[in-house]
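Here come two complexes built around subunit A, the first alongside subunit B, the second alongside subunit C.
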Partner chain A sequence: MKREIPILLVVLCGLAITWAFFSPAPMSRAVNDELLAWGTVFFSVAFLLGISNLVRISLKQISSRHPDWPYKLLLLLVLFGYLLIGAAEIHGWFGIPGGENIRRDWIYKRIFMPLQATMFSLLAFYIASAAFRAFRARSLEATLLLTAGALVMIGQVPIPSFFPFADWIGDTSVRLQGFLMAYVNAAGQKAIIMGAALGTLATGLRIVLGIERSYLSE
Partner chain B sequence: MAKRTDKALDLDRRWIFLVIAILVVVLYALGIAAEMPVNQYVQSYYDTIEELDEGSIVLLSADFDPASAAELLPMYQATIYQLLKRNMRVINVATWPAAPPYTREEFEKAAPLYKKKYGVDWVELGFKPGDDVAMGQIGQSVTSAYIQDDRDGKPLADFPIFKDVGNSFEGISLLITMSAGYPGILEWIAQAGGRYDVPILAGTTAVQTPDLFAYYPTQLKGFLGAATGATMYLQLVGADVPQLEEVTITNQKRMLIQTWAHLLIIGLIIYGNVLYFVGRRREANA
Partner chain C sequence: MPSMALLSSIVDSLSTLGWSLSAKLGTLALTIQDAAPASVEEGWEGWHTIENQKIPTLVAVVFFGLVMFIAQRQAKAGKDIPIRRIAGLDALDEAIGRSTEMGRPVLYVPGIDEIKEIQTIYSMMILRHVAKKTAEFGTPLIVPVKDSVVMTFAEEAVKQGCLDAGRPDAFIPDNVRYLSNEQFAYCAGVAGIMNREKPAANLMLGMFFAESLILAETGFATGAIQVAGTAKQHQLPFFVAACDYTIIGEEYFAVTAYLTREPGLLGTIRGADITKIVAIAAIVIGVVIATMYSAEIAVGNTETPFQSFLQLFAPKSN
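And now, the complex of A and B:
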């Protein structure tokens, strides 16, 4: 029964969602609404599962003095500290005024935003370094890829007017970039999308028919 | 000669980091702004909003976080100003948890300028967990996907804007997403565009932009691709919105920095390849 019940649930849910997609009947809509609501509830419960797993693993590493244990400790402090501050702001605990002042103005704006923006900005440095080290014209395909990449990069930005033939370079690169993106790229993308859609359909059918059971770790 | 080529190929990457850093800082300090000619995708994005009837309801989804804010926030700001200036009513949602602080702040700045009332002209519904499933639920019925608004915690029935909104995007004339990845524009196209036939516009990061050309102009009416698209759009909207002047100039300055950064990267690729071929010829001759 441990296998049969989950498979039966998946088959029923899959069929109900598929039926709702094609049927305008009010009952199919009601079933679909209900299943989607359950889906978001499960998603929220998954957050709790994720947090409990994170806490369990972090505590284990802290107690065994893993080389990364100070970071794990910091992670737990931030996790529960943020929860505590949020609860304190909502309920007015510890004399903290209500609202979102600490969470939004201090933690989010002054810590989280600059940290995340900095991490993402580092990409520019790594891309430049990788461009020098890894992008080699080793084959015809690699050379085409490099050339297309360079053309798209130039077409994406304004050419300074003091450059010789700036207008011509600007116009030509924009036109070439437009051609590459709107025809070559779009054609390739459409082929990939169609292939992926057919693959998704086949996998979905296998799951709904109970043939594919990898989600049960089988 | 051989040693010199090897040494050049083994260049400490910190030199490259330093050159990029100097380039960005110096160019930003010089503050030269560059105007961008508007492309058809940005023009379509702008025109689609302009062509809507006054009072139409637009679902605006913030699907980004601070990591991509440099690219997406300027587009988001300009979109809010264009929508409110054209007297559209906006339902604001988010499928990324870190987006709502941005969205609320931007609306609270822009709404008073156009004398827009909360709950009548715009409403903040906040983050909805569930990725594609949440999008499907919002598409099926916004009023059952959210129990209350995110700003005041009031039931949605209390807000006049929802009187004109029904199931399956009924009453919603346009969906706009500022998309940084998953979940984002591709999921909205699958969950809303294909199913309910609602027109969709998108602002996306540079990484995601190439994916969108396959959907334009049928499933996607227009899009703003990366900082370049944002700059073009700001030039269109910001022309008569003084509040957008600063962000427009900042974006135009960024474009020139991007030009030089791109040229540097192309230069590094060429230099790396020259060294690679010199090394290969040397090995073949040895």
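And now, the complex of A and C:
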């Protein structure tokens, strides 16, 4: 029964959501929304589990003087500090007028967002280093990739007018780039999308029909 | 009651800090109220009908389901279903073996999407197999997660994998780590684990977005063997460029069948292949008919595509 009941629940929920997708009946929409609401409630409550995991592991590392313990201490200070500032702003603690969000907003916009942007901007360097390795002409396939990559790149940038045949090179490279992206690249991408869509459908059916059960405990 | 007031205060604080539990519940309640039918009779009205524009989807799903069911029955009856060698999947064992030899952990990154994404669900199934292997070899397995629900699934998958291997003691709860709900904070956390704990194998299987290349390049810089797998086509080029092995698109959804060789699962893979052949045939026929039809329209002929198609085989009258 420990396995059968969860499988039955999965099958029933899967069929209800599928029915809601195909049927125009208001009841099917209501069932669908109700199930999604339960899911959102689970997600929201599980957030506390995530925080407890983070705090538990950090406290263990601090108490055992793990080499990273100062970072863990900083993490906990920031986590609870931000929580405290938020609570103080909402409830008007420590002489702060209630209902404000100036401090939280400042921390978020002046510290957190620049840090996120910094991580994202690293992508430019990583793309350069990955492209350097990928575009080495070691085989026929790699040479084709290098040629196609070079053509697409040339097609994306303006050719300076002092170059000989600048207009011709500009027009031709734009056309070649367009051809490669619209036909060769799009065809490859659509093949992958089609395969992935069928794989998704097969996996969905396997789970909904109870064929795939490896997500369940024994 | 003071305790209720305290609880209410905590929930208020959480909701305003972006963890909008109460706000979400309120919005959902309104949504359900709006969607709920006025009466039971009205609610069930049209329950047996299908929206017109969704009929082709239903036909395709039913056809696909039937093909899959027949192929699965054949497989269970003992029909041999060959499955081609997928280098990326064979490399999973190689990567774990390498980590064991080097005495370093295996890092498993299940992507950054929520559990409702099918790729994340599937990643949890693969994680169970990986956890079984690492438990058999006695190699530590680190699983950093971005979503707290995924964390509970990951804990269960790793625990179950260790049980499958007969090594429940191999499960280390602290190795399934919730890092952050923010994309780049999570990314920074995983990159930090790669640099500090130096895993010998990085397995990145699931749904990835802009962080894919940052993770793959950081892993490459640490010298780890890297196996990546996703059905997200925009991230595949990054993984192909930066990882040793890449599991592409549909291969990703064949992992459990490939690893377990369970006839029921192999049958579903065959069913998907048959459907793909039918889809390819339909696309080719569609392209031919559409091309012919557009040519006929251009010369002012208004025959239907099917009539035009038949005309190709009609005897010539001289």
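The rule we apply is simple: the second predicted complex is superposed on the first by the 185 of 218 C-alpha atoms of A that agree within 3 Å, B and C clash if a C-alpha of one lies under 4 Å from a C-alpha of the other, contacts with A are read in each partner's own complex, and residues count from 1 in each chain.
To be clear about the criterion, a contact is a pair of C-beta atoms (placed from the backbone, for glycine too) under 8 Å apart; a residue touches a chain by one contact, two chains touch by 3 or more.
Computed from a prediction, not measured in an experiment: that's the story for all the values here.
When both complexes are overlaid on chain A, the residue A:Asp33 reaches subunit B and subunit C alike.
Counted by residues of subunit A touched, the larger count belongs to C, out of subunit B and subunit C. Looking at the shared chain after the overlay, A:Gly195 reaches subunit C, while subunit B stays out of its contact range.
Contact with subunit B, but none with subunit C, is seen for A:Ala186 once the two complexes are overlaid on the shared chain. Legend: residue contacts after superposition of the two complexes on their common chain; A:Leu146 is shown touching subunit B, with no touch to subunit C. By the document's definition of touching, of the two partners only subunit B reaches A:Gln156; subunit C does not. Once chain A of one complex is fitted onto chain A of the other, the partner contacts of A:Ile107 are absent, as it touches neither subunit B nor subunit C.
Of the two partner chains, subunit B is the only one that A:Gly178 touches; subunit C does not reach it.
Of the two partner chains, subunit C is the only one that A:Ser23 touches; subunit B does not reach it. Shared contact residues of subunit A with subunit B and subunit C: 21, 29, 33, 36-37, 39-40, 43-44, 47, 104, 112, 116, 119-120, 127, 129, 131, 133, 189, 193. On the subunit A side of its complex with subunit C, the touching residues are 21-30, 33-34, 36-37, 39-51, 53-54, 56-57, 60, 67-68, 82-83, 86-87, 90-91, 101, 104, 112, 115-116, 119-120, 122-123, 126-127, 129-131, 133-134, 189, 192-196, 198-207, 209, 211-212, 214-215, 217-218.
By the touch rule above, subunit C contacts subunit A in their complex via residues 9, 12-13, 16-17, 19, 21, 24-25, 28-29, 31-32, 35-37, 40, 42-51, 54, 57-58, 61, 64-65, 68, 72, 114, 116, 118, 121-122, 124-125, 128-129, 147-149, 151-153, 156-157, 159-160, 163-164, 174, 176-179, 181-185, 187-188, 196, 210, 213-214, 216-217, 231, 233, 236, 238, 240-242, 248-250, 252-254, 256, 260, 264-265, 268-269, 271-272, 275-276, 279. Interface of subunit B with subunit A (complex): residues 11, 13, 16-17, 19-21, 24, 34-37, 39, 65-70, 98, 101, 128-131, 133-134, 136-137, 140-141, 144-145, 167, 195, 206, 210-211, 213-214, 216, 226, 228, 255-256, 258-259, 261-266, 268-269, 271-273, 276-277.
Across the complex, subunit B is touched by residues 21, 29, 32-33, 36-37, 39-40, 43-44, 47, 100, 104, 108-109, 112-114, 116-117, 119-121, 124-125, 127-129, 131-133, 135-137, 146, 150, 153-154, 156-160, 174, 178, 181-182, 185-186, 189-190, 193 of subunit A.
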